[in-house]
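We call the chains A, B, C, D, E and F, going by the order they appear; numbering starts again at 1 in every chain.
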Amino acid sequence: MEILELIQANLLTPIILFFLFGIIAARIKSDLKIPAAISEFLPIYLLAAIGLHGGIEMRNTGFENMLIPMFVAIGLSLLFTLNHYQILRRLGKFNLFDSYALASTYGAVGAVHFSVGLSFLKNQGVSSEGYIAAILAVLEPLAFILAIFMTNMAVAKQIKTKKQSFSDDSTEIDIGLNQTKTKLSKVLHESITGKAIVILLGSIVIGYIIGKDGFEPIKIVFDDMFTGAIVIFMIEMGIIAGQRLDDIKKVGVFLTAFAIIIPLFNGTIGVLVSTALGLSVGGAVMFGLLMASASFIAAPAVLRHAIPQAKPSLYITSALGITFPFNIIVTLPILFTLSTFLHSGEGAIDLFNFITEGF
Amino acid sequence: MEILELIQANLLTPIILFFLFGIIAARIKSDLKIPAAISEFLPIYLLAAIGLHGGIEMRNTGFENMLIPMFVAIGLSLLFTLNHYQILRRLGKFNLFDSYALASTYGAVGAVHFSVGLSFLKNQGVSSEGYIAAILAVLEPLAFILAIFMTNMAVAKQIKTKKQSFSDDSTEIDIGLNQTKTKLSKVLHESITGKAIVILLGSIVIGYIIGKDGFEPIKIVFDDMFTGAIVIFMIEMGIIAGQRLDDIKKVGVFLTAFAIIIPLFNGTIGVLVSTALGLSVGGAVMFGLLMASASFIAAPAVLRHAIPQAKPSLYITSALGITFPFNIIVTLPILFTLSTFLHSGEGAIDLFNFITEGF
Amino acid sequence: MEILELIQANLLTPIILFFLFGIIAARIKSDLKIPAAISEFLPIYLLAAIGLHGGIEMRNTGFENMLIPMFVAIGLSLLFTLNHYQILRRLGKFNLFDSYALASTYGAVGAVHFSVGLSFLKNQGVSSEGYIAAILAVLEPLAFILAIFMTNMAVAKQIKTKKQSFSDDSTEIDIGLNQTKTKLSKVLHESITGKAIVILLGSIVIGYIIGKDGFEPIKIVFDDMFTGAIVIFMIEMGIIAGQRLDDIKKVGVFLTAFAIIIPLFNGTIGVLVSTALGLSVGGAVMFGLLMASASFIAAPAVLRHAIPQAKPSLYITSALGITFPFNIIVTLPILFTLSTFLHSGEGAIDLFNFITEGF
Amino acid sequence: MKLYNVKLLTITCEILAQENIIEILKKHEITGYTTYEVDGNGARGLRGQGLKTEKNVKVEVIMREEKLQDIVEEISRTLFANYAIVLYVSDVGVLRPEKF
Amino acid sequence: MKLYNVKLLTITCEILAQENIIEILKKHEITGYTTYEVDGNGARGLRGQGLKTEKNVKVEVIMREEKLQDIVEEISRTLFANYAIVLYVSDVGVLRPEKF
Amino acid sequence: MKLYNVKLLTITCEILAQENIIEILKKHEITGYTTYEVDGNGARGLRGQGLKTEKNVKVEVIMREEKLQDIVEEISRTLFANYAIVLYVSDVGVLRPEKF
């Protein structure tokens, strides 16, 4: 089977192998770790490289065609987030806070996923639309904002209900509502000025301005070294994932299944839709991967403030310990196979039928 | 206009754009920052690269011609420092301590300026005399030593005057004078063993010894990656500059004007003089840039000990928040245009007249 | 003389020059230092690069021939360690703890030595057997384990002797013996899961799996940048060695002589034996260098726990302050000359006679 | 030199709660404090390995006894339930009590 | 808010002794502590420059007075001779004494 | 194990004043101390972002009461005017008072 072969080939790349190595190192309780300064710097570097690359591509290919995929991505992300919430709350019986936190963790996007995806495509000799980096930037805060908004609405409603029963406590409740508003506007500001978005957007703009020629003097650092840098980062990600494997018991069977099925489902939808929108083979893979990805670097920083009642051990562990490995090892090759199939002669026809029937 | 075009072209290079980006990131209160270990390491790396490059060049071209430019640079630096002091104390009405601190901040030289200048020239395909790196090393401690010496002289005089009025307190005053001497010798030692000078001089010597062939195995790290490394450093410099923009109010109009006019003036003199001394187009630019530069990494470390009474918010803010951006965006292209003009046929004649008339 | 010329040529490479520079910087009390995060990261990076390189080579050349050299290396290391102990305890009059600690420091191997050796060979255009990286990994914990075992045996014997005289204290002694066993098994676990071995073994396996093609995308980071990275690390090693030079007085004449003669002796044996085993010119140099090397990064971490009674100022200072500089400046070129000679026509014959007579 | 008695409040908590604490201090008109990152172990398990957001931070605040009660009360009310946090108070002597 | 008196034990020692200390704490059923790397100077000379293994670490433990005596005794018996180490005890007030 | 009462002097100051403080300690024949970098906020504004020279450092010194007075006096006389600095003293118990 083609997919299995691709999964196997993907499994044997340095990125995946060093990730697995990191997991093993953590499991045997080795003291190996990448110093904090390096592992804090690497995401900044990776995002700058992604942004520059995206900006340069956008300059080459224009960004007129970007708007529709962007809005579709936004729409899908919001839909997915709401869908996750329903599944988690109804079927999973998680409490309100955990449900929203998890829903948005999986509705959000992951920059490390994106880096690995770009490297995977590079390895396959396939390119992707530069503007997908811009979509990454826009999606990054989206699911969080939705989740926080919804949580606060829900909490406000609860408080109001309480208010009606004990009508003497109204000042305290008003304060509560006000605090909620302040919190929302603060989280909004924090999300938009968060380092990931800022460096990503900034680099896209700079990449767009400087173009291929201006990029030349820094190409070695921001392009040639990219995969090597990911490899180093993956060691640390593997170690952290490995340290969390014990917590998977706490995550439970339901959430484990959720952490595997949802990315596959969201990713497949992403590939189908973006192919229908006319994205290239590689572009559809990246689009699908964005939909499939879960956030494990931005999520704790935002959700801990915004929904402090939610348990971080749930959303970090499932995103980093289950979904991330699954996505880069299994989902990514599957999405690639799917996209290749859809973009080949027959796939395109199939998809055409699928879409026309689907709508 | 040619200069404006060059300024514009320079503005659109990754170095400048990422610096501006850093400023914006700081202004919108993003939490973006380069981890301390990285931003402490980068100046060491940049100075090693500058030094190796200079040393290798000196081996190619010899350093017999280096002595005259070196002494002229020393002379100019000292003159400039004294001139700054007069302007700041008389016209600017700054107190003695702030005047000397600021005078030497602008009399001193900046390694980051130098790095950006080298990259700018590389971009323009112009080379420069390797020995200018050696001049950088020699100038680095110079202005500080002068300023500290003058400050201590002034303080000693004040104390002596006091002594004559209250002749009973003489032991305390002698102690004061002794402390001053200790301080001066300590600052001297600290300046000369300061990490910037040590790594710069060491690398020059090593570059000279190993030459082009010996450099080959480390060329990728110490040459090819140079501009990419500056870009990363410029993000952090931009962030720090951006954080200080609020303090510019405290700096006041006079010092703001000083921080713009003085570098332009000193830089122009530098280009003129070095061209007259026979330096190449690129060499004259680097020489001028040295004269135009202000120190914002070494200065706080030296001046805080040597003239603790001076306000660091003045000298750091003006050097990093005003002069540095102005120099790399505006002064550098101006000096380049000037140098190109002077080295072209007509310029050379003009300069000859200018010089012969001038003396 | 050929050796002197080679020593001189080696002396003038960036690696050695920056090491000497670091020593000087420390001696003049410069505040130059490489930030901790960088100097903690560099050994991990170097070991990953060594491992990948070794693994890829092993894939090319097979590792069937590896077993005999591996076992010979193990045997030699253990023999050397015991030999060191006798010399130190009998001739040097060191106490039991210091003797075992020093014996194992010199019986163990040094990854930094190995990095410098690889770079040296690269510079000479000579390759070496990839499986020597695997030997490095296996030897790393070996001498420590032996030394700890011997120390604990010795301590246990002492305690038993005591027991016979004061037979009332037996419970305490049993506890002591039990603690010893726990300690040994803990040190064993710690050694095997120590970051150096883990990253080295992991990278060998990954290198073996990915091969030359899979290595391509990360070659720039893990191969081309290797020598540049060592140079940066050597600055820090030089600084640390320089800071310890004062302690050499405490080390004493005997240990100083030991720290120079033993590596030369062990290294020579290593080259002779490995040449006899059929290793290539470069392979024999690396094998000899392993035998000659002393451990100064792993040693303190292991020995401080395992033999806390031993003075770290002895074993760190002699290994890092004396043996390491001596080995990379003098021993390495000597071993190279020896190996070249042995592998050339006449050398081979000589060796054949030497060996046949020797056994 | 006379030493004046004041209180030193030390809060060890997960790094993401630092901002909340500093806001509470600001609300009580305290702008002087010292912070640094630490590792730790406690009821919420080992902290400080892995992601930066999993670190702990210590916040130390010298303050007059008058303010202590309210600040401690607000921190414990708003943060104890959801964050990894430990807080303690000690007596210290300072030279310039007017600074705090 | 009532503050309850407990003890704060602070140990400053070379980083390689940290594990030994935490084991001693564990043996006495204490799992809460805070650690951070520091530089230092003392009888065993300047520490914190150069190799990571040459750093110092501070270990801070809030505990009830009952356990203090035994822990301090064990640390001093097993570690004082061979390691760079300094230890001191102070009085602090906490809100939730049951945590310690 | 008897604990002996000594003083713990803690100085939080800008990193460039660290050397001055250590010199003062040396002058009073104190060679034992612990230092670590911290961030802070106070009368001289936020410190610890940006340039390394803008960081704060904490210097902790265990000493006998006899020396405290003079050292505190010298630090406050020579450094309070020009440097960002805060200093406090607390009581601690140690096992080996002869070390300090």
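By definition in this document, a residue touches a chain if its C-beta (ideal position, glycine included) is under 8 Å from a C-beta of that chain, and two chains touch if they have at least 3 such contacts.
Keep in mind the model is a prediction, meaning the values are calculated, not measured.
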**OP:** Please give the intersection of the contact partners of subunit A with those of subunit C.
**Re:** B
**OP:** Count the residue numbers both subunit B and subunit C use at their shared interface, divide by all numbers used there, and answer same if that is over half, different if under half.
**Re:** different
Original post:
In angstrom, rounded to a whole number, how far apart do the mean CA points of subunit D and subunit E lie?
Top reply: 20
Subject >> Centre distance in Å when subunit A and subunit F are each reduced to the mean of their C-alpha atoms >> reply: 47
**OP:** Give, as an integer number of Å, the spacing between the C-alpha centres of subunit E and subunit A.
**Re:** 41
**OP:** Quick one: which residues in subunit B touch 2 or more of the other chains?
**Re:** 33, 35-38, 40, 220
**OP:** Among the residues of subunit E, pick out those that touch two or more other chains and give their numbers.
**Re:** 36, 90-91
**OP:** Determine which chains touch and list them pairwise.
**Re:** A-B, A-C, A-D, B-C, B-F, C-E, D-E, D-F, E-F
Original post:
Which residues of subunit A touch subunit B in the complex?
Top reply: 35-38, 40-41, 44-45, 189-190, 193-195, 198-199, 202, 205-206, 209-210, 214-215, 217-218, 220-222
Original post:
Touching subunit A in the complex: which residues of subunit D?
Top reply: 14, 16, 19-20, 49-54, 82-83
**OP:** Write out the stretch or stretches of subunit C touching subunit B in their complex.
**Re:** 12-14, 17-18, 21, 24-25, 28-38, 119, 122-123, 220, 224-225, 227-229, 231-232
Subject >> Touching residues (chain side subunit F, partner subunit D) in the complex >> reply: 10, 12, 36-43, 48, 56, 58, 69, 72-73, 76, 80, 86-91
**OP:** Can you check the complex and tell me which residues of subunit A touch subunit D?
**Re:** 33, 36, 40, 236, 239-240, 243, 297, 300-301, 304-305, 308-309, 316
